[in-house]
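After the structure tokens below, expect a handful of questions from me.
Letters A, B, C and D mark the chains as written, and numbering starts fresh at 1 in each.
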Amino acid sequence: MPTPKVKFNETAAKGEILEIKTMIDHDMESGQRKDKDGKLIPRKIVNKFICTLNGKELFHAEMHGAVSANPATNFFITATESGTMEFKWFDDDGSVYAISRQLTVN
Amino acid sequence: MKTSLIALAALFVALAGSAAQADPPFDPKDPKMAPYISGDKRSGYTFAEPETRAMQDDEFLNPASLWVEKGEALWTKPDGKANRSCSSCHGKAEDNMKGVGSVYPKYDIHAGTVINLEQRINMCREKHMAATPWKYESEPLLAMTTFVKMQSRGMPVQVQIDGPAVSYFENGRRFYYERRGMNDLACKHCHEDNWGNHVRTELLSQGMTNGFPTYRLKWQKLGSLHRRLAGCNEEIRAEPYPLGSREYVDLELYLAWRAQGLQVETPSVRK
Amino acid sequence: MGTSLPRAVLALALTVAVVGAADAAQRKKPADPSIWEPTRRAPLTEVKGDPVRGRVIVIKKGSCLTCHVMPIPEEADHGDIGPPLATVGSRYTPAELRMRVVDPKVLNPDTIMPSFYKSTLNRVAKGLEGTTFLEAQEVEDVVAYLSTLK
Amino acid sequence: MSQDVNSDLSRRGVLLGMGAGAAALALMPSVAHATREEANDAFAKLTGGAKPQAGKVTLKLPEIAENGNTVPFTVVVDNPMTEANYVKAIHVMAEGNPAPGVVSYFLQPTGKAEVYGRMRLAKTQDVRAVAVLSDGSAWEGKKEVKVTIGGCGG
């Protein structure tokens, strides 16, 4: 079971630009590799990642088979309001891996 | 005169097909490189591209951190019939595992042989936790090995090669210098005689082991030294030995001695 | 050098191809063991080496570019472990080239260069035991190609 | 406790001998590579038809990717991130891969227009990034990445 992780400055000054670092362990099976018998291994990747603050989207990514295993996605936001940051990764098999953090803006 | 020589050289290169690429920048006098050099020994870090070094240096972005966190969680998780965790006996890893990873492989009096850190962890599981040993190269064993070894980060590799370890060490040394496989190569042909040269574009390193387990860009995974050794053997079309085999543990001891004095870098990131 | 010898070699090569790797150990040795003589200078087969085929073998099966810079501009990134081979054909006769390809350890026991026609190697991967890096005719083709590099 | 896991992946490379580009083969075997036209078409779909202009977009990638399986990259767009004028999307494409699309990022008017990720590259090629702004215009940056041909271990 993949276990995502995120890191950012959880207590920030209003207007501060925060770098949000994220990573999740996942094989990102591209769908283009063959097994020992020459058969294509079916694609199984995390195809989407989304970050929200208090339910409002801040950022999302749509990934394809060319994203490396254990995808890392870093981006920036401006600290404007306190609240719950939610991070979700969507697997081809329907699984959703989620993690959340509190952001405090002073 | 000089320019015509250069032109001639350029022409030669063009005619001869392109030669190997520019190497990653490395200045032995750069203070930032000091932790990765000991005498004439150079960690694989010094042979890596700057972007690979940066990936290792960033504690969050180093992808091996995903395994480190799993190892940290396992450290305090009771397991086996004894319902004990690592921390039941050893307390805080940060305090009590310091200097443990830098001295393996090591002769173990209870095992009556030289064992590596993976085997030591499994011995603990069997003897003290009454738990089943983890499979070699399994996620929990890699995670725990990495978590324990990284407690020695920055400490020099320091293995014992005398006393009861002598015959194992000699065995490992023999392996290092013995040709094998269809390509008929010994470890030493690439990593002792030709480090700094290129096979196609690939820059050969000194084959130092102080960063293992390592996150390999190629594997897109954390992996053990033994997996790397087996991979090396396969590349030269030699029959690899099983992971955890006597042969590879002995070679691991010899390689650790070659890396003696370099700092433990676990978990490193390598190509 | 009798003509029966190269035939035996060809037969052997065919046997290798047909029987495959599984029972490599049981394969018959060639009739004349001198074919395996590392200092052998005579051609390994009676079919004259083909430099065009040799060039392909140099790039693909022989993996020569792993270590040598060669006048093969369509392939990028030649290695620099061994000497450049752009003029190797003017430095050595075909016989001398053959010896170096068959088993360079005759000249330098410590060389990193593989022995391309030696079947008694240590701990070869399962399925490849008893076989050689290149087949006899392939060695001849490579030698023919190298001889053109002047 | 012994076990051979060193895998299926490298076997094929091994049989081809040293220096056969084992990594690329293992990653994306025998699939036709995308063409520049396919990449252009794919970009056109993503940009809603706007023709990307050169500029604003900087792709930071290694000069030499040590292994094509994991190539770190950063895209920086020189543009504000205000409600009135911001970067709505950044599309990353590797036209020498079997399928050109790598990843698309969708941004809001917050922070700054910079993203980091890691991608797989089948071979030496141009990597392209197109930024679509809130005014509908599209901007492109490009960088050639040399993917190492491995000798031992790709």
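Quick note on the criterion: a contact is a pair of C-beta atoms (placed from the backbone, for glycine too) under 8 Å apart; a residue touches a chain by one contact, two chains touch by 3 or more.
Since the model is a prediction, treat every value here as computed from it, not as a measurement.
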item: Most centrally placed chain, judged by C-alpha centres; value: B
item: Farthest chain relative to chain C (centres taken as mean CA coordinates); value: A
item: Rounded Å distance between chain A and chain C, as computed from the means of their C-alpha atoms; value: 52
item: Between chain B and chain C, centroid-to-centroid distance (C-alpha), Å; value: 35
item: Centroid spacing, where centroids are CA-atom means, of chain B and chain D in whole angstrom; value: 29
item: Chain C and chain D, separation of their C-alpha mean positions in angstrom; value: 40
item: Junction residues of chain A - those touching two or more other chains; value: 68-69, 72, 74
item: Per-residue multi-chain contacts in chain B, two or more chains; value: 21, 183, 190, 198-201, 220, 234, 237
item: Residue list for chain C, restricted to those that touch at least two other chains; value: 65-66, 76-77, 79, 125, 133
item: Chain B partner contacts - residues on chain C that touch it in the complex; value: 65-67, 69-73, 75-81, 84, 86, 110, 112, 114-115, 118, 121-126, 128, 131, 133
item: Chain C-facing residues of chain B, complex; value: 12, 14-21, 178-185, 189-190, 193-194, 197-201, 234, 237-239
item: Of all residues in chain B, those that touch chain D in their complex; value: 21-22, 24, 48-52, 54-55, 119, 122, 133, 135-137, 183, 190, 198-202, 204, 216-220, 227-228, 230-232, 234-237, 240, 242-245, 271
item: Complex interface listing, chain D residues touching chain B; value: 1-6, 10-11, 13-15, 17-19, 22-23, 62-67, 69-70, 72, 146, 148-154
item: Touching residues on chain A, where the partner in the complex is chain D; value: 17-18, 30, 32-36, 57-69, 71-78, 80
